[in-house]
Each structure stands twice: as structure tokens, then as C-alpha cells.
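Pasting a structure here, questions to come.
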Amino acid sequence: MPVRLTESLASTETVGRIFEDKAVVQAMLDFECALARVEERLGIIPAGCAELIASVAAAGEWDFDDLAAQSLRAGTPAIPLVRVLSQRTNGYVHWGATSQDVCDTAMVLLLLRQVMPYFDGLRSRLEQALRELSECHASTVMLGRTLLQPAPPVTFGLKAAGWMSSVRRGWERVRAAAAEALVLQFGGASGTLASLGPELGPVVSRELARELGLRVPDAPWHAHRDRLSALLSSFSILTGSLGKMALDIALLMQHETGEAAEPGGAGRGGSSAMPHKHNPTACLLTVSAARRCPGLLSNFLSAMLQEHERAAGGWQSEWPAITGMVEVTEGLRLDPARMRANLEATGGAVFAERAALTLASSRPELGGLEGAKREVEAMLRDGVLPGEFTKPEEYLGCAEYFRKRLLSPHGDEEE
Amino acid sequence: MPVRLTESLASTETVGRIFEDKAVVQAMLDFECALARVEERLGIIPAGCAELIASVAAAGEWDFDDLAAQSLRAGTPAIPLVRVLSQRTNGYVHWGATSQDVCDTAMVLLLLRQVMPYFDGLRSRLEQALRELSECHASTVMLGRTLLQPAPPVTFGLKAAGWMSSVRRGWERVRAAAAEALVLQFGGASGTLASLGPELGPVVSRELARELGLRVPDAPWHAHRDRLSALLSSFSILTGSLGKMALDIALLMQHETGEAAEPGGAGRGGSSAMPHKHNPTACLLTVSAARRCPGLLSNFLSAMLQEHERAAGGWQSEWPAITGMVEVTEGLRLDPARMRANLEATGGAVFAERAALTLASSRPELGGLEGAKREVEAMLRDGVLPGEFTKPEEYLGCAEYFRKRLLSPHGDEEE
Amino acid sequence: MPVRLTESLASTETVGRIFEDKAVVQAMLDFECALARVEERLGIIPAGCAELIASVAAAGEWDFDDLAAQSLRAGTPAIPLVRVLSQRTNGYVHWGATSQDVCDTAMVLLLLRQVMPYFDGLRSRLEQALRELSECHASTVMLGRTLLQPAPPVTFGLKAAGWMSSVRRGWERVRAAAAEALVLQFGGASGTLASLGPELGPVVSRELARELGLRVPDAPWHAHRDRLSALLSSFSILTGSLGKMALDIALLMQHETGEAAEPGGAGRGGSSAMPHKHNPTACLLTVSAARRCPGLLSNFLSAMLQEHERAAGGWQSEWPAITGMVEVTEGLRLDPARMRANLEATGGAVFAERAALTLASSRPELGGLEGAKREVEAMLRDGVLPGEFTKPEEYLGCAEYFRKRLLSPHGDEEE
Amino acid sequence: MPVRLTESLASTETVGRIFEDKAVVQAMLDFECALARVEERLGIIPAGCAELIASVAAAGEWDFDDLAAQSLRAGTPAIPLVRVLSQRTNGYVHWGATSQDVCDTAMVLLLLRQVMPYFDGLRSRLEQALRELSECHASTVMLGRTLLQPAPPVTFGLKAAGWMSSVRRGWERVRAAAAEALVLQFGGASGTLASLGPELGPVVSRELARELGLRVPDAPWHAHRDRLSALLSSFSILTGSLGKMALDIALLMQHETGEAAEPGGAGRGGSSAMPHKHNPTACLLTVSAARRCPGLLSNFLSAMLQEHERAAGGWQSEWPAITGMVEVTEGLRLDPARMRANLEATGGAVFAERAALTLASSRPELGGLEGAKREVEAMLRDGVLPGEFTKPEEYLGCAEYFRKRLLSPHGDEEE
């Protein structure tokens, strides 16, 4: 049961499986096994211990319900896990480590080995789909919309490029934050490895990191959660960008607007009451996931002030966002004719900005911009904005200029 | 597996069980069965349908993993559940209802039938334990502490009465909010029961509520989440009061303060690195649960602005707080001698407020309060605050006055 | 300068004025003057002190910049205020009180005397306007919309009644929470009035409350912020209901939907770039204010765990919501013809729920609801849902039933 | 009045002044003047316009109250400002720009020119003070404390180095995020500069950025707020690290612990009721500021989903944190003797981790770690942990190893 029903709208099967009990326990055992191998190699614990622990770990007969219940009493899953492991071996387990070393490193391993590659794969599919959508609709003119009201024309290609660019920036932030945050946690009771001593401690730490494929931070970070906070912030911001994209699409899908449609597909978008309905389900799941992040992040950041914070949580809800958006983007159906019709239905008002500037330049007797604006308002009231001012195609060049910059590999970099 | 390991520090077994998949599905089936019974009785669906549905529901063979997976695609667990139920019966299922009717009512049923009684039991034990603690320590003098610094003496009895009073107020708010929020949801596609019509719709609604033991609200509340928001707020506020109490105790348990100790007990309070350590585990679990509520509530309140919100979530984390506090309170060990010693170690400074007022009255030549304060400061610098000013017993009367008011059944009511 | 420019989108002039420096200082002086009057009457401080303090307070020459700067250093505005007051009188000031007594009671006074009446006036205008709108449009049929997609018809009268009902419930909660929260704060250094003693303390407290028109709580509440938390929660929930209403209207105002329009008026709704544009400015100001509440509330609730928290803040942003909604509601322009046209443009799909139920009843050979749904889907694919199924008027009765319940004075009460 | 009294505990005078009305208006005028200069140079508006606008801007007679009131109606300060500017000149103002261009760029200018240098100065003083404190107390042994209970010894030098390191990392994140976020906003009505056209638009944009000393982003970012979100997140995380440091110090300052004391100084740390009290005022102001950030950030991130969000707010509360911490750090008084005494008062328990590991190695007959732990527990119960196990000095090496890494310029980098 990787995802509970009450959470089924706020996670994905894959993420559920990454964080399911046996995966979490396995990551904790990976830590203990690697520690034993290193300490045996360095002569800190007797020969044979590492193999013994590994064999117990491999047997894998854990009563997860019991572990969870004991964790509730102990305040951490590490205590019951280490107790069981010690009972089943000769006790040379967890040597020099503290509970938080196991729990934090296990979470780091799951994030680094499972979550990041899964996420990266989705992200790359999304960027690709958005890039194709943008190229394909480079000349598809549509209404700009500000404050939910019509504004001068843009192209759908530009809109998709804007989404792509924010996802790319978001992922760069995630990657940078992960590189900083996903490091070994190993410090013992007070975070100084004092029980191993100043000579052995750092050596064990370095070797343990090598075994687990992790980097060594400057010092244990039991009470300094800023790196994890930065990682979670970057997740939340990326999810916010996905949520904005999903909301845009759901708004375009309104029946009265009708410029886009979700791909639909088996089991998606239906209604239990209305057989014919086609809901923006994937978009709304993304919006819903995106709305959950800020509060979860707020909780995590609030917890930075507690010296001894080990609350996990928070990672699990970010993923539905990207999964949903990949699916939607790969199958998005657009209606350029409807876009054009909606644009024309505004009766010229969206061309007013440009018309006013053109008039102000060409007819100085109007007395600058304010006078030209009044002139345009008068034309609009009479319903006759001259044809020279209402050609959507003239907006293509501007949209294309920014679209290409957004898609270029250098992003913000100055030309 | 009622509680997942990654959540084991943020829930309790009981709450996990209340919201586990089979309980959620059962509550949804309760809704569908009751609806069928009512509609059959009123001749809306053919005779025999209700029994058929009930027999399928009772069989209880549900593949929860599959249901969760389908829910993810459909955007709601109601769609796959109703589909399976229809396939296994003759299709007279869910007549006139919409997905949100089932999901919301199921959540209301779980809260009303399971969560509220469980919570009430814990709350009543906690209030009882606090009341006894308060009576027992009515004369146990200890330091007041403001801004983490010593302040004039109080009694432990007053402190416990303050905790009790805030828990009692908090529970009153929960009870009032639950009475308003835990009502039937039944409106069909647009919330008007239009498919049943204006005569039958309200009758079905009333009968359905009677079957389920729920009240009927003025109208369906699909998009008006203010009642649920008020209920969740009241949970969050009660949890905040419990968190404040837990933090107070954890601070009293510091080794340097040493005025209180958690009961400990099997599997609780130990450390994986330090065998002798006695951690304030229950207090810290409560503090941690209390710190998670504000962000979850913030997410829920943010979602009030979405017209079509069905996000569940949020309830699950409030309960560890009260469970932990019951356990702690019933077993709290206090050290009145240590309290007295800590008080005496402040060297008289905490008596300064009262000394200054007394001096200002008895020696008008000091020129009022400011002059008297300067006099007291001088005495303290010399280390000699006269004995007449430093009798903790003289503070008992004031503490007792407020302690009794806090414990009285009328609370805030004016005398 | 009651409102700073950077906050001009998140407050109103009236609220800005209620909380401006001189008003805050005045409320603090009201506390000190009332305390002096009471204590002089009871013979605690010498005759003449109260009048002296009152004359200094009335002189009203305060350097607010300097007070703010000193507050920053002292951690509370009470310390510099009391110091200045003492210097200008004979020092019999603030006798038996602590900083938080003055600050909390001042905030309570501002809320009770200024904010609540102002808010109540706005709320009553809004309820009235919504009630009239609802009566006037009892038969104005429009599309229901769920998940931003068309759903069976409702009436605008029902929609407005739903808004009204949530505002009425929200205000009831605010009123109840205010009655509990807006009480005297008076406890002295440790909250026991120890410097006045157990006989005099309660008497002073009672008299002081009478002077200020406040109720006396069971005990001082320096560290128990649950009552204020409940008041702020109720503000946030009411604001959420207003935000939902504003979002609904902004969506109806989209050019492609075109079913409603904000009243506009001088200086509102324009664009600096597009002279002809009419923005849903009041709605968006309300939505923006409503979006700010959850995070502010989350901060306040988080602060419940600090024993000695006195952070005010948070009240100021709730008011723009209700101001904006009053203005919008009083001037809302609706377009029933457009509503009808949008409904008809859906081609019958929104009638599918009712059609399926009717068919399932009238043609049992279809095999229940599932079969009937398939039949309706086929009809819709062929574009021919028989006219008997597509009469919006038949939905009037249902909408009217709930509309009347929502407007009725008893609300949720069972019939 | 740069800071209002109700906000005086949540800001600093300097930050108040940076964001006061005249500074905000000046930054908006800087934008309009630079735009006019560029457009005049390029022949887009008539010669002489730029000078005319500059002279009006320099005259600086603005009625800020009126501007704020009009902003409330217009939904943005840009509309009334541009209107007044146009009326006072010949109307060639704001040519091709939209309201959000002015507002966003003005905020960027204030952050880049004022806030960042001010913040950097404070941060550099803080790092310097922490580094000195760390060097000075490299050998000051004190208790480690986990879960508010005693743990094996550390040094105060290590503790200070941990604070320093998290502040340094936090500032690096702020600097990186600022470099990405603080860029020109210039896009016109729909964000494509369509009224200037695809040739002129980009040229104006580039020149305008050069005039203002800003970088040009890939495209206007009216609806893509991820860069600002990342900047605010980095502020919030840095503030969280400062809050953790402040909380640590406030806990060390408890009377019963007594290992540190705030510098105090004029007007700081006093109590209005207790003349002799010395409160951790600067620490508590920092903690309070740090607690306000998560909710404000949560609001900002939630607003990422609104297409047309321009809510400012949020920056103002981060600064008290760093100001307070600079002051505290520069004047922190420590008590190494008290640290040693507190350590010794634990009776040996904090040495248990190391003792168990040593025993397990030296006496294999105990049967590994579990056996050794039981042996140590027995010794502790008897009150006799042999002297060889209880030498705090032996913990110095470990602390020193990590302390040096934390202070080293390379931080996390692998050796």
C-alpha cells in the first residue's frame, strides 16, 4: 500500500513507493551495514561483524507495524531498528552513531538515489514537450490576458516558452540545492564523533561517505537545517511554477474560453454524476499539490528554530505536480481558431495601447500620450478602431523575440 | 499498516486506524447503502437494490492499492468506488449524488463517529489529571518565569490550572465547531439535487441524514468550506495550547532546572547513543505535532478560495498532541524542593516588583514608584533585599485566587 | 499617513487610522489613566495622582518616532511610554501592572471600540446587498460550474444566497470569538497581581475593567493566547468566504464569460497601458487580502507555543476584503441574457445527470443508472439530447428551495 | 515616521526608511525618468520631454496620503503616479510601459541599491564577531545539549563556528538569489513590448537597464515570480539560522543555566515591573522576527499560482533578525566556569556514549556494544563512572577538528 487513500490526491504511486516502509528501513540498514564495513576495515569493531549485520539486514523480516508503533514511543525509528539489529547480531552495531545520523542519512539516500532521478526524468520530458509545443505554436496568435481581462495579443508559443523557462530555472535551483543538501550525516551523540576520537572519527566519516556515495559536509548538521530548508524551498518554488502553468491551462479549458483541452484518457477527467463531462483533472491535481507546498514549507522553516529538529515530511507532496504536468503537456490539444475568435470578439480594445502610442507619435497635435489615449477611447466608444491598428500579426515579432530568448540555452544571460 | 514509518512521529496508531483505507472505504459504502435504502423506500429505485448493494458492500473485497491508483487518475476515490459498485450490482447506485457528496459525508462520519469520541476520552483524562495535579500542588511555590528569566513566585498548582483552563476552552471550541461542521453533504452535480427535483430532493436528503445520524445543513456546502475551516482552526488552537504545555514541561525538565520529569516508561525517552539519557520524548512529540498544525491549517484556509475544493488531509496530525499530553500529565513527576531551590538561587531579584510598590507606599519620601525602584535596585546591587520582602509564601494567596477561578466550572464568567 | 504606500493594497484608510501611532498610544494612556483613577479611589496611590496623569496624557505631546525607536530597543512600547509618563508626573504610574498588561489591553480596546463596529457596519451593508441581489435574481437561470467546467443550471439568486449565508456564519463566529477574546489583561509581573496582594488585586482588576468597559477573564492570559487565536481564525475564515465570492465574480467577469461586471467608478479598474480596460480591481484586492490571511494566521498560531509571546500584528490585513466586497456587491451589474446564452452554448451536456436518472427510471430495460448514462452519452455524441431533458426552468424549483433556506434567519437549523 | 508603532517590534529604523513612501515614489520616478531619457535619445518621444519629467520629479511635491488613497482605488500606485506626472508635463510619460513595470522595477531598485548593501554590512560584522568568539573560546568546554538534555561535551568555539557557518551559507544563498532576481521589469501591457515593436522594444529595454544599473532578463516576468520567490526563501532561511542562534543564546541565558548574557545597554533588556531584571531582549526580537518569516513566505509562494500577482510585502520583517544578532554577538558575555560547573553537575552521564564504546573494545567479554551499554548504565546507577571516562578535555580534539572545518573558507568542499 504505497499510497493511502486519504493521500491519493496528493502523491503519486512512484513517490509513495520510494518512501514506503520497507524502502525507508532498507536505507537505514544501508547506513548501518556501510558503517560496520568501514569500522571493521579500520579495526574498530571485530572481524566478521559487518557480514553478520549484512546477513541479518538481507533477511529482511521486519514487522513494520511493530516498528512504527515502537517509533511512536521512542520518538525515532532508529531506536527500535538498532535494538532489533543488535539483538540479532553480536551487538557491534551503530558504533559511534546517533539516531539522527541514521534517519537523516537514510532520507538523504532516498532523495539522492530515487527521488532526484525520478524527478529529473519527468522534468526532462516536460521541458521537451513544452519546447515542442512552443515551436509548433510560434505563430499561433491568442489573447494576452491580464487581471483575467483581455490584453494585447501574444502567441501560444510564447506562453509555452515562459512555462518552459520557469521550469528550467526551477530545476536548476533544485539541482543546486540538492548538491548542497544531500550529504552524509554522521556525528554521534553531540555531533563531534567524540566516541571515536579526533583521529578516527574523520576517517570513519570519510570512508562511510565513500561507501554510500555521498559527500562529507564541513561538520554534522543535526541542528543546522538550512541546507534541507533550501532544498525544500526549491521544490516548493518549482511546484509553484507548475501550479501556475496548470492554472493557466485550466482557465483556457473553461467552456466559454475553449482554447485548450487536457488529453483525458482512461479513468481521467470523468464525473460520477455527469457522463459527458471532461474535467481538467490533471491540472487541478497539480494546482492542488502546488497549493499544499507553501504550508508544508512554512512548517519546515518554522522548525529551523528548534535545536533538535528531526521532522521529516514535506517531500511527499511535491511530486504530483510534475507528474500531472508531464501528462497534460504531452497530450495538450489546442484550438487556434478559437483563440483567434476570442481575440476578435474583444472588438479592438486590446489594441488600444499600441494605437495610442502610434497616434501620439504620428499626430503630435493630440498633445502627447494622454491626448492620444483619449482619442483612442473615443474611437472605441464609437466602435471604430481603424483597421491599421487591429492586426494581430503585427504582434508576432515581439512575441517571437522573447520566445526565442526564453528557449535559448543561456536564459537570463545578457546578450 | 495504519501508520507509515515516515509519519510515525506525526500521528498515533488510533488515528492511523481511523483513517486507514478500509475505514475510509467503509464510510463511503455506508453513504451509498443508506442512500439506496432511502431511495428504495421512496420508490425512486427498484425494490431489492438496497439489499444487493449492502451485500456487495459487506463482502468487502476491495483492492485498496488499485482503488488508490484509480483515484489518482480520476481525481477522487468516489469515481472508481462507484464504478466497481455499479459493476457488481444492477447499477442503481449513487442515484442523484455526486463524488463530493460521498467523500465529504464519509469524512464527516469518520470524524463524528470515531475521531470525536476518541478525542473526547483523551481530553477528559487530561483535564482530570491536570485538575488533580493542580489541587495537589496548590501550595507548591516555584519561580514564575517571563522571557525565560526569573519572575515573582507562582505555584505549580496555578500553572497546571492555566493549562487545564486553556484545554477546556479549546475543547469547547472544538465541540461547537464540530456541531456546526459535521453535517450531511448531499447535493448532486450542481449542489441543487436537481436530478431528484424540488419535491423529492429535500425528502431524500432528510431521510438520508436520519439514516446516517447526521444533521441537514441549510444547503449543500461543496464550495463553502467555512464550517470545516472553523473545525480545523479549533483543532489547531487546541493543539497549540497542548504544545505550550509540552514546551513548559520540557523546559522544566532541563537538567539545570530539574523541576519536573516525564514518566518515561518502556521504549520511551531513551537515546541510541547514550544509555543513561532520559529525554522529554512525549513533550517533544507534542511540540512537534503542534508545530505542524499552523502550516496545514494555512493550506486549508488558502483552499477556501478555490470554488471546487475537495482536499481532505490536515486532520491526521492533530492527535499526537493530545495523546502525548495525556501520557505525560498522568505520570508527571515534580520536584518541589528543586523548585524552591531555584527560586532561592535568584537572590531576591524576583521579589523586586512587590518590594518597590511596598516601599513606595511606606516611604513617600522616596518620591513615588520610580524612586522606590531605584532604592530596590540599590539594595539588590548590595545583595541585601530585607527578609520582609522575600517571603515566597506571601505570593500563595494571589496564585490561589486565580487558580480557583481557572478550575471553577464557569471559567471566564463574571462573578 | 495612516497607510504606507507599500501596504496600500493590503489595508484600508479606516483600518490604517484605527491602528495609527497616536491611536495606539491613546489606548495605552486610557489604560494607565483608568488604573490610576481606580488605585487612587482605593487609596493605593496618593490623592491627585490620577488627575496629574490625565493632564499629562491629555497634553498629548508625544514624539512617535522616538517612541518607536525606543520600543525597538526595549522590546515593547510600554517601557518608554511608562518611563516618559513617570518623568512627567510624580511616579505613581503603572502601579502593579506589567508591560504586557498595557499593550494587550490597548489592543483589546482598539479592537472592541473601533474595529468591531466598523466591521459590523460593512458586514451589515454586504448582507443587505447580497440579500437584495438574491431576491432580485431568484429566477435568473445560469450555468452551474464545477471544476471550472459547465454543470447543471442554478440561479444567480442561489449563488448570491450562498455567499450571504457564508458571510453571516462567518460574522457569527467573529462575534462569538470577540466576546470571548476582548477582555481585560491585568496581572503584573508574573500574572498573579502579587504586588497588590490577594485582597486588593482582584478588586483593582474588577474596577479597572469597569472603567474601561471590559469583562474580567478567569485569570490573566499573558501566555495563553488561545482566545486571540480563535478571534484571528474567525477573521481569516470570514475573509476566506469573501475571497471565494470575489474569485467567483472575477471569473464571471472574464470577457469570454461576460456574465457580470464590477461597478467601476472613479479611479478604479483602469489600466496605465490600456485606456479602455475594465479590470475586476475590487475583486482582485479582496482575493489578494484573503490570500494573505492564512500565512499571517499560521504565524500567530505558531507563536502560541512560545511562553512569552506578545507579537501583535495580523489584524490589519483582514479589512480590505470586506470593504471591497461591499463596494462590488452594491454595484454589481449582471447580464442574465449572457448567462442564458452561455448555458445554451454547452449543447446539452449539463443536463446529462438529470437525463440519465430520468431515463433509468422510465426505461428499466437500459439496466439501471450505468446503462442510462451510456445512452445519454450516445445521445450527446450524436448532438441530440431530446428537448424534454434540456429545460433550464425545471431547475428553478431546486435552486429556489435551497435559496430560501440559505436566506432564512435560522440557517442550518433543522426544519 | 519610517516605522509604525504596531510594527516597531518587527522591523528596524533603517529598513523602515528604505521602504518609506518618499523612497518608494523616488524609485518609481527613477524608472520613469530613465525611460524618458532613453526614449528621447532614440527619437521615440520629442526632445525636451526627459528634462521636463526630471524637473517635475525633482520638485518632489507629492501628497503621499492622497497617493496611497488613490492606489487603494486603482489597485496599484503606478496609476495615480503616472496620472499626476502626465498632468504636470506634456504627457510623454510611461511610454510603452505598464503599471507593473514601474512597481516591480522600483522594488528591485530599492532591494539592490539599499537593502542588499545594508544587509551585507550587518552580515559581515556578524561573521567577524562570531569568528572572533569562536577563536577566543576554542578551548572553552561546555555541555552538549540534545533534546534539551545533557549530551557529551562540546566547546563554545564549535558552537559559535556552527552559527557562523550557517550564516555564511545563508548569505551565499541570498547573494545568488539576488543576482538572479534583481533584474529589470519592462514589458508593456502583455509583456511583449508590442507597442514599441520587435526592433525598438529590445533596444529600449537594454538601454533602460543600463541607465538603471540593472541586468536584462530573458523576458518580462510579470506572471513568473519564481526568481523573487527564491530570493524571499533565501531571506527566510537565513533568518531561520539567525533565529536558531538567538534561541540557543536565550536558553544559555536562563538563570538556572547562566552560561551567557546579552550585552544589555541603554534602554534594552529592562522590565516595566521588575527593576533588576535583565531580559534576552535582542535574542527574543530575533526569534520573533524569525518566526514571522515562514508564514509571510508561505503567502508569497501561494501567490505564485495567481497569473497576475503583484503583491509586494514580506521583505520588511527579515531585517530585525540580523540587526539583533549583530548587537548580541558583538557584546556577548560568556561564563566558562559556569559551563564547566553545569557539565560536572550531570554526574558523568554525558560521558556514557564514549565509555560504552571504549569498554566494548577493551573488554570483549561484555559481548559488544549492547553489553557495554548495560555495564555503563550499572556504573551510572551506582554513581561511579571511573575517572578515565569523564575527562572533558578529551573531547576538545573532536570539537576542534569540526570547528576548524566550519571556519575554513571552503566550507563543505571535500578535503
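Letters A, B, C and D mark the chains as written, and numbering starts fresh at 1 in each.
Just so it is clear, contacts are C-beta pairs under 8 Å (C-beta built on N, C-alpha and C of every residue); 3 or more make two chains touch, one makes a residue touch a chain.
Owing to the predicted nature of the structure, the values given are computational and were not obtained by experimental measurement.
Chain pair with the larger contact count among A-C and C-D is C-D, by C-beta pairs in contact.
One inter-chain figure worth recording: chain C and chain D are separated by 31 Å, centre to centre, where each centre is the mean of the chain's CA atoms.
One simple way to say how far apart two chains are is to compare their mean CA positions; for chain A and chain D this gives 24 Å.
Multi-chain contact residues of chain D, defined as those touching 2 or more other chains: 94, 146-148, 151-152, 188-189, 195, 251, 271, 273-274, 279, 281, 284, 287, 291, 294-295, 297-299, 302, 306, 308, 353, 356. Taken as a contact graph, the chains are fully connected, with every chain touching every other chain.
Per the touch definition, chain D reaches chain C in the complex via residues 1-10, 12-13, 19-21, 24-25, 64-65, 67-80, 82, 94, 97-99, 102, 188-189, 195, 266-274, 279, 281, 284-285, 287-288, 291-292, 294-299, 302-303, 306, 308-309, 311-313, 316, 320. Against chain D, the residues of chain B that register as touching in their complex are 146-152, 250-251, 253-258, 271, 273-281, 284, 294-295, 298, 302, 342, 345-346, 349-350, 352-353, 356, 373-374, 376-377, 380. Chain contact summary for the complex, chain D toward chain A: residues 44, 46, 86-87, 89-96, 144-148, 151-154, 158, 161-162, 165-166, 169-170, 173, 180, 183, 188-199, 201-202, 206, 215-220, 222-227, 229-230, 233-234, 236-238, 240-241, 243-244, 247-248, 251, 287, 290-291, 293-295, 297-299, 301-302, 304-308, 353-354, 356-358, 360-361, 364, 367-371, 394-395, 397-402, 405-406, 408, 411-412, 414-415.
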